[in-house]
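What follows is a set of structures for review.
Next come two complexes built around subunit A: one with subunit B, the other with subunit C.
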Partner chain A sequence: MNVLLDLIISTSTQGLIYALLSFGVYITYKILDFPDLTVDGSFPLGAAVTAVMMTNGSNPWLTLPVSMAAGALAGLTTGLIHVKLKVRDLLAGIITMTALFSINLQIAGSNLIINRDVDTIFTSAFVTSFLGSSSLIYRKLIVSLLIVIMVKVLLDLYFMTKSGLLLRAVGDNSVLVTSLAKDKGTVKIIGLVISNALVALSGSIVCHEQRAFSSTMGTGQVVFGLATVIIGTTIFQKFDSVHGTTAALIGSIIYKACMQLAISLGLPANLLKLITAVLFLAILVFGNYQKRHNATLKQKG
Partner chain B sequence: MLELNSITKIYNPGTVTEMCLFQDFNLQINDGQFLSIVGSNGSGKTSLLNIICGSIPIENGDVIINGKNIARLKDYQRYSRIGRVYQNPAMGTCPHLTILENMSLADNKGRRFNLSSGINKNRKSYYQEQLATLGLGIENKMDIKVGLLSGGQRQALALIMTTLTPIEFLILDEHTAALDPNTAEIIMKLTDQVVKSKKLTAMMVTHNLRYAANYGNRLIMMNRGQIVLDRAENEKAQTSVDDLLTMFNAISIECGN
Partner chain C sequence: MKKLLAVLIMATLAISTASCAGKDDVKSIGISQFGEHASLDNCREGFLQGLADAGLKEEEDFTISYQNAGFDTAIATQIAQNFSANNVDLMCAIATPSATAAFAAAEDKDIPVIFTAITDPVEAGLDSGNVTGTSDKLPVEAQLELIRSMQPDASTIGILYTTSEPNSVSAIAEYEAKAGDFGFSIEAIGVTAQSEVTLAADSLIAKNVDCFSNLTDNNVVGVLPSILEKTNAAGIPVYGSEVEQVKKGCVAAAGIDYFRLGQKTGLMAAKIITGEAEASEMKYETISEYSIYINSQALEEMSITLPDDLTGQAIESSEN
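Now for the complex of A and B:
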């Protein structure tokens, strides 16, 4: 029984940490309507920056803002390539992602393991002073939960500001943004910066959690992000009042739970990406079916 | 006042399909004028609007609004002085934002889009007041998404949004063409009302000769990049739809409307 409980807790923790990545993909894919592949590079970028800082004895909490800044820079690069050099959105992301693979290895040197005697955010003095008595997996859950809630609330607040409103407008109808005498390119860049900062933050926390950076840890993260956003928004599409961030968060947890279930049922780890692809396809087809179904209902009604 | 001075516009320059639309084209629109532009397809009406708004590049010439030359400015920079209502009702509003959010966006034109609250609750009653002048009842649906409105309602909303903040020049780009005849009539009356009450200088491209004859205080007819008819004030008022139709048939193959 305890094993099962531990499994549920660690799966939830995974879902929460990766929800930060989902928030990022939600901003680009859902709000900006920009398929941003930078994610596959900015996610390990956050981890690489974190791993290097930790092995050099930096304060674990400091790695979070620094990772976010690095991710923001990655988003800025994609944005500038797309807006200023007029490269198509998909290709702009691919270019940055490809460049980041080498950059990440340059930053980290090689795949890195963080020694057991180095404190992560989950074992830092600050956290143990509050949660010292609880075991590590509870601490991971609580710390992740607090960070995710904080980011979610800040994002939801941001979407209500004038700047946030303009960001939502640019994906919805960029012509209107031009009519408002605002440069839609700048607004897109702002969105990409925020998105990739969140993705890198997710990568950073994953690095804390796993005590490792690997150059290939970014592979498939875009697909993961898209899948979670689509799962979340498909589930909640009938509920207008549910925030997109909530949908992405729930989507992330559901996705990680499904994966955990598949592994627990004896699925070989080598097949994981294949299952991801199949699951993603199934979600897309299901989403299309639901849309058509709803459209027919509307016509009849 | 809007001035277009010696505009030259060549499509596909340097290719076999090169086509010179405007050669040394001039047009002056005085403050308070409501100008209707008619002409067959390809006569240069929409190109004219796009040149003013900076949507297409020109080879030569100046676009001057109230003494300031905007010909070298980017499109979005020009819109700080210009408002535009498009043919497609979907262009003027954001479908996934609520009416209140759309109005708030429009109300903030010309100011900074910073981290202050996107919606100013104190302005809500003012927005409702403005929308109530439409007589469509949408002022009571402030929190529904604009995508749920009909094309005519969206176009009416777009018209109010475009003229919510002070602009120096209003451009109406066949803005009734995508609407059914009744709705088009309502939108046209609203347009006239808004232009008069806000004392706007406006320019309307239309294929509807009746609207061109009945509304506005100046009318021009275009053909192949040239103004073939220019009537204002009394002379314009005495121009009937039939007169226009006769002239139109004389110059064009296709009758609009």
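Now for the complex of A and C:
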């Protein structure tokens, strides 16, 4: 049974860490209706900043806010390009993402590895003082769980503030925002800043977990984020009370679980992505079936 | 939703219990390969041959679980975690991203990791700890010597490389340091993505280089046929860095044999799983032997005659 337990723990940990990225994509794609491709650049940006700070002996916890600030700056850039220079949303993201590829390499120099004798957030004295007796994979799970819960609660609270409500209004009904005499451009920029700060935070924690930064680690992260948000919201579409953040979080864990399931199936290695695609399709069809099923029930009732 | 999760868990459970059924004295080896690629495949086959050479038999002495990440680092992470959860006795990682992921996943249980096809294990942080393996550092000097003997009048060597690949960056540095000894100068153009490689090839040709020399750069090697199309039209010979590139149409290469590299790794792995040695006490090894591979059809097209001192040792590697 230990095998299964270990698999569940490490897969959940991956899902949790990457859920921060899903939160970011949830804000831009689902709330702002803004397809933001900056993610492929801001994710490794967080890792690059973290790797450089760690190899220079910085406090591991300090890397988290610094990475978030760097990601926020990336989001701000995309926002300004889109709002002030009037570049189309997709292209604004592509421009920042492309620039970030060079910037990330400039920051890190090359792909970077953090040696085992350097403490990460998972092995820092602060964590080991509480969880020192438990093994590393448990510590990774608990630390990421705490961080994700904290971020999720803060986000849910933010969405209920005036600024958060405006954010939601821009995606749903931007005319309303203008009629409230608010600048929807500013609101979009705020959304992009928060989103990319979260994406970079995710990149930073992945760097802690893997002890590595590679310049290509961002490739495909937008697609991952979109998939998790869509999977999550499809599954929870009949529950109105479920927060979007919860849906994104569950979506991320399910995505990683599907990957792990495909790996565990032990089929020819090249079929991995195909299996994953089939699993996703099954989940989406299952979600849609539930929705229709409930609709029929309501009609009958 | 609950049903769905239950199905996922049950499926994983069924699979993992099935996969961990085995005798205790049969050691399990998880091979994590970064992607499907001729040189990396050769490494893997060589690795299995190395285990066989050490007298170990599959099913009797060891079992193999092979996974390939399709060049995706996030998947390489999950593959390594899967191996760790299944308590494999040894992880074999082919190429740097897989090795980094394996080493991170092995940290908790201190599972030994053996790597291959890594150019610079020191830079990759894989030179200490419960980890060892083999490096595929290019025989740069031999390559320069080969080019000099094939093209006595050449002065400039053009090289294309990806700026984000540490393997390529360190190889370029070595080329630049040693080119002078053979009377060459290096004209290197860096790219950031595969789509830029052919454009960069055009500008190298425009700079009138006397030949191209390849590294083991994945982006460049991936579009080798379209590079060769351009260089053939311009009459510029291209030297490869290993046999697979010569098969595809490079004129020649001084390259290491990835099958033999894998074989060496397999022999080291055998020592670890039989308990003869600890990975933490074994230093990583490089392969010092190299072979000269030639493609006589390509040589003929470039009207290069093979020097007499090479005819004996050169291995004909054209595909047809």
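One rule holds for everything that comes next: the second predicted complex is superposed on the first by the 266 of 301 C-alpha atoms of A that agree within 3 Å, B and C clash if a C-alpha of one lies under 4 Å from a C-alpha of the other, contacts with A are read in each partner's own complex, and residues count from 1 in each chain.
FYI, a residue touches a chain if its C-beta (ideal position, glycine included) is under 8 Å from a C-beta of that chain, and two chains touch if they have at least 3 such contacts.
Computed from a predicted model, the values in this text were never measured in an experiment.
Asker: Tell me the contact category for A:Leu7 with respect to subunit B and subunit C: first, second, both or neither.
Answerer: Only subunit C; A:Leu7 stays clear of subunit B.
Asker: Should A:Ile114 be classified as contacting the first partner (subunit B), the second (subunit C), both, or neither?
Answerer: In the superposition, A:Ile114 contacts subunit C only.
Asker: In the overlaid three-chain picture, which partner chain does A:Leu176 touch, first (subunit B) or second (subunit C), both, or neither?
Answerer: first
Asker: What is the contact status of A:Thr77 with respect to subunit B (first) and subunit C (second): first, second, both, or neither?
Answerer: Touch partners of A:Thr77: none, neither subunit B nor subunit C.
Asker: A:Phe101 in the overlay: touching subunit B, subunit C, both, or neither? Say first, second, both or neither.
Answerer: second
Asker: Of the two partners subunit B and subunit C, which one touches more residues belonging to subunit A?
Answerer: In the superposed model, C touches more residues of subunit A.
Asker: For A:Arg168 in the superposed arrangement: first (subunit B), second (subunit C), both or neither?
Answerer: Once the two structures are laid over each other on A, A:Arg168 reaches subunit B alone.
Asker: Touch test for A:Ser252: subunit B only (first), subunit C only (second), both, or neither?
Answerer: Touch partners of A:Ser252: none, neither subunit B nor subunit C.
Asker: What does subunit A use to touch subunit B in their complex?
Answerer: 158, 160-166, 168-169, 172-173, 175-184, 240
Asker: Residue numbers of subunit B touching subunit A in their complex, please.
Answerer: Those residues of subunit B that touch subunit A are 74-80, 83-84, 86, 90-97, 101, 104-106, 108-110, 112-119, 145, 162.
Asker: Contact residues on subunit A for subunit C in the complex?
Answerer: 2-4, 6-8, 10-11, 14, 18, 101-102, 105, 110-111, 113-116, 135-137, 209-212, 214-217, 220, 224, 235-236, 254, 256-261, 263-266, 269-270, 272-273, 283, 286
Asker: Any idea which subunit C residues touch subunit A in the complex?
Answerer: 1, 4, 8-9, 11-13, 15-17, 19-20, 33, 36, 65-70, 72-75, 77-79, 81-82, 84-87, 96-97, 100-101, 103-105, 107-108, 123-126, 128-129, 163-166, 169, 192
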